[in-house]
Structures are given as C-alpha cells and as structure tokens.
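In the two assemblies presented below, chain A is common to both, partnered first by chain B and then by chain C.
Up next is the complex of A and B:
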C-alpha cells in the first residue's frame, strides 16, 4: 500500500468518487459558516469600519492563489519524475482554479484598498507580485491549450511551471526591492502578539479551511473531468481505427 | 558550437535574417514615446531609463521566434539533435547568436537613443553597463521560451505571453540601475542582482531549453 496506487487513473476515480461529495459539502459548509460569521457576527474594527469584513474573502483566496501554484509545481515534478498521468492532469486542473483565486484576491484587494488607502491600485510589492503570478497562470494555461499532443503538453507545461516558479520567486523579491509597501504585513502567524484578535481570527480560520477544501474539491472534480475526457478521446480513436 | 554560432550569425546578417529589425524597432519605440507623453524634456529625462529598458526588452522579444522556428521547419534542428553536440550546447550557442545580433547592437545604440529622450548625463554609462550585463539574460530566457513554443504554429503571441513574466526581475533591476545612476545614488546592489540573474540564467536555462527541445523533437 503506497500513495502511488492512487496514480492509477482507475483507482483514482473509484477512490475519489465517494469522497468528492463529502469534501464539497464540508467545503461549502465551512466557507458559508466562515463568511456568514465573519460578515454578520464580528464587530467592526477601528480605523476600518465594516470594510474589514472583506478579509474573509481576501485572505483565503490569496492563500489558495499561492498554494495552487505550489500544488501545480509538486504535481509537475511528480509527472516529470514518475510519469503518472493523473498528476499531470491534476496540475492542468488546478491552474484555472488558481487563476480564479488570484483574481478574487486582486479584486477584493482593490475593493478593500479603495476605502482604506484611497486608491484601487498601487504598485505595492504584494499587489504587484500577485499580478505577476496572474500572468504566470495565464501563460501556463495558454501553453496547455496551444499544444495538441497531451504528453508533450504535460511535459512542456511542467518545465514551464518549474522555471516559472524560480522566476516568480525572483520577481517577488525584485518588486520588494523596487518599491516600498503599503500593504500590511502578515495578519496571521504563529506569534500570538502579531495576530489579529481572536474575534476575527476564528471565523477567518474557518473560512480559510473552507477555501482549502473548496480548492481540493474543485481540483478533484476537474481532474476527474480531464480523465474522462482522455478516456473519451481514447474511445473515439479506437472507434475510428476499427 | 563555434561552427553553429558562425552559421547562425551569417544567417542573421544576410538578407531576410532580420538583423537590424530589432534595432529599427527599438528606434521607433523610443521615437514614439515623446509623441505619446509630450516633448517636455524634464519629464522625458525622468522616464528615459524605464522607457529605454522596456524598449530594448521588446526589441529583444521581437526576434525570439526566429531562434528555432526556421531550423525546426527545414529539419536542421533534428540534425542538430543527432549531432555530437549536446542540445544544451546548441541552445547556449543559439542564445549567444541571438545576443550578438540583438542584445549587443541594442546596447551600443542605447546611449544615442538616450540623447533623444534627454537622459541625464551621469546615467549614460549606467545605461550601457546595465544593458550589457542584462541583455544576455533576456536572450537566454527568450531561448528557453522559444524552445517551449517551436512546435506551435503561429506561436509568436504565446511566446510573448510566456516570456514577458519571466523578464520581470531583469527589467526591474536593469531599469533600477539606470534610474539610480541618473539620480546619483549607489547602484552596486541592483547591478549585482542583475549580474546574478544573468549568471544564473546562463548557467541553468540552457538545460531547461534543451529539455524542452528534446520533448518537442520526440
């Protein structure tokens, strides 16, 4: 028994089929609880007013925007090393979800920035690196859709993902150097003193958990779709030959 | 490797090779900017470092799809793959050829165009140094992008979409060197970072480009 058993598409399909509805249910429940709690049952923070409540969308989506890329990096590595098709398809499936998360983070950030900083957009390091991350996602998805042969596409996008990760990190530190930040530092950390207060922390944690599960559920769903598409393609090819 | 390099240089310089196109593009972009932002020389001098770097970057981008596309179409890339020269070496020499026909002429022309944009006096040497250090990175990164997209028909636009985000750190540090030079600030830190990016790109990206080439030739 090893984790690699799930790299078998058939095993992957049969294992995820019963799990998927549960993950979806818990994800939606946690997201709804986190957001409703956050929106309606937390006090307004001083200096922020009610605008602070967008944090329950902004922080979890930003978290997943970065972690989706990390997941794609790991999946690409697994594909390059062990040639498991499920892994390549999972990376492909995660990219559009990552794009959506990055967009949510950017848009909620703009909506939040308008009342608090007085501007929709500043060339702050964090904002800029998210925009660059968005461009990386676009390039990755564009490369996937441009190549017809699925194995070639998986190989090339994996290489792009790895090189892109290095350059995304470089850009992150380059923009730090290039402009001073307006964005606040980390709101969540292991250090208690730096943390936002508990009133906000607990609904935020629930909301973050909801987003993580939502991402997992969406990726599993999209991976299953990709596997089915691949099967249909194979069946059609076989039908044409006979 | 030398033979391949010489061949690519000859191909680029002779008719239809596109040598000089990049330079002309660089000139046109720089000439267009004052039309767009107005002839105020203070303003032009202030934005000149960034404009020159962005224009040089776009000019380098313009000729990227030529690096492998023609060789791929007429089959000489497949011959290269079967030759004793490893693909890494081929990728590196392609990048060097691209730099010699694009990056180097751009660097040499940049100070003259800086005069058009009223670049402040102390910035000229920094412009030259930052471009000569930074443009090799542009060529190597571009070679990697070109290697990724050779199999795609009309991949030029996709190539730009893939390569431009990769150019961000180089552009930031390169333009920062010139900007600081223009304002008389210390330029050592961005210059070192720029050189680091170039060195790292030259050391690592030919391998990634070779992997991409092998996948595309499979």
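Up next is the complex of A and C:
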C-alpha cells in the first residue's frame, strides 16, 4: 500500500478516526507524567536552583516550535509538487499549534532568563531567530486567512513556509553557527558527557514525548476539521450552481 | 507543598502560563472541530 493513499481525504478521515482518541490519551498522559515528575520529584540544580524545573516546558516546546515548522515545510513541498490537498490542509492545521509552542518557548525562556542571565530578553542569535520564527507563524496564519481561493492560499503560504524555514533552522543551529550569545547549546545530545544529568533526563524525555504526541494529535484533529470545512465549501458551491 | 525557594514566582508563573496556553489550544481545537462537524451535518442534510 502506498503512503499517498492517505492523501485521499476520505482515506485520511477513516484511518485517523479510530487512532485519534488513543494518540490524545497517550499524549496527555505522557505530558502530565513528565511535568508532574519534573516539577515535584526532581531536585534543584546547583547553578539554576529551582528554575531548572522550567526545562520540562521550555525544551519540549522549543523542540516542537521548530519541528512543527519543518513538518509544515514537508507538507508544503508535497502540496507544491504533488498537489495533494490533505498535505496543504495539514500544514495549515499545524500552524496554530506551532504558534502555541513557540509562545510557550519564548515566555518560559524569558522567565528563565531573568534569574539566570539577569535579563528577560537579549538579542542573541538563537533568541532573535526564534522571535522571527514566531512572526513567520503569525504571517503564515494571516496569509491563509487573507486569500479566499484555497489553492492560491496554499501556494503562497507554501512559499512563505520555505522562506521561514531558514529561521526555523537558525533557531536550532544559531548557537553552533555563531558561537556567541547567552543561550547555551543543546540540552540533550548523543554524547553522554554533554547531556543533562540523569535525574532530569528521564522526565524530560517523557515530557518531550508528550509534547510530540500532543502536536500530532492536535494536527490530526485540526486537519480533519479543515477537510470538513473544505467539504462544506464544495457542497455550498454545488448548491449555488444547481 | 514543594519548596521552590526564592525562584517560586518564576517557576510557578512559567508552569501556569504554559498550562493555560496548552489548555487554550486543545480547547479551541475541539470547540472548532465540534462546530464545523455540526455545520457539515447541517449542509449535508440540506443537500439531501
């Protein structure tokens, strides 16, 4: 069976209907377990005090803020190349979730920055590219709303998504490119020596898993809504013609 | 209650704001899904 079968709206709806409640249930369970474990059952860190507990929100939301945009990029490219409507609608559906994740990452970062760096905000390469990514998200949603014809909107937002991907990648790799600014490098690494301590590692992984699944569940739910909206538009157009 | 020391305000506000944002996006997604589904049922009913 080809993966492109799922680009058929009917196939997408029938396949995701039974899966969605399970994805939501596991996502909420993992998020709650990760956050409760991190908040109540991990010790203070030597350098950060109790602010280290913000890591369970900040890292997963930043991870999803960047990866949501990259998912939108892949879906947009599929739309541009193969003209599958479900992929364009999935990109559209992901944007508000990406905005929520970016907002959480920016706010928790600012709150964490004040006690550790002595400032809420600094024009550091990673923070600045993250703020620009947030503005791209807002522009992307605004562009979808501003254009009436859905195919034209999908085309133009796909181009915007490709341009914004530069900032999604910069948000992730700015620390490595410029090697300056206040923001540290990755909290998790394949190199064990660079990783956060084990006591923080497992709840952080669970929290990250929860945020990933929550994103997937919300995108499926919102894509289903977009497919229904498109069907409403088609039925209303047919009724007007007859 | 857990002792967060001198950073209690920062930690609690980070958790509070983030949870509110997460609840809002989940609630909004479900509310919109319900509304659109009802609208589709209505339109399909009108179209026979």
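Please note the rule applied: the second predicted complex is superposed on the first by the 228 of 242 C-alpha atoms of A that agree within 3 Å, B and C clash if a C-alpha of one lies under 4 Å from a C-alpha of the other, contacts with A are read in each partner's own complex, and residues count from 1 in each chain.
By definition in this document, a residue touches a chain if its C-beta (ideal position, glycine included) is under 8 Å from a C-beta of that chain, and two chains touch if they have at least 3 such contacts.
Just so it is clear, the structure is predicted and the values come from calculations on it, not from any experiment.
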{"item": "Which of chain B and chain C A:35 touches, first, second, both or neither", "value": "second"}
{"item": "First, second, both or neither for A:163, with chain B first and chain C second", "value": "first"}
{"item": "First, second, both or neither for A:3, with chain B first and chain C second", "value": "neither"}
{"item": "Partner chain(s) touched by A:218 [first = chain B, second = chain C, both, neither]", "value": "second"}
{"item": "Comparing the two partners chain B and chain C, which touches a greater set of residues in chain A", "value": "C"}
{"item": "Common ground on chain A, meaning residues reached by chain C in one complex and by chain B in the other", "value": "none"}
{"item": "Residue ranges of chain A in contact with chain B within the complex", "value": "132, 135-136, 138-139, 142-143, 146-147, 152, 155-156, 159-160, 162-164, 167-168, 170-171, 174-175, 177-178"}
{"item": "Contacting residues of chain A [partner chain C, same complex]", "value": "31, 35, 39-40, 44, 49-51, 53-54, 57-58, 61, 96-97, 100, 103-104, 107-108, 111-112, 114-115, 214, 218, 221-222, 224-225, 228-229, 231-232, 235-236, 238-239"}
{"item": "List of chain C residues in touch with chain A within their complex", "value": "2, 4-8, 10-11, 13-15, 17-18, 21-22, 24-26, 28-30, 32-33, 36-37, 39-40, 43-44, 46-47"}
{"item": "For the chain B and chain A complex, residues of the former touching the latter", "value": "144, 148-149, 151-152, 155, 158, 161-162, 164-166, 168-169, 172-173, 176, 189-190, 193, 197, 205, 208, 211-212, 215-216, 218"}
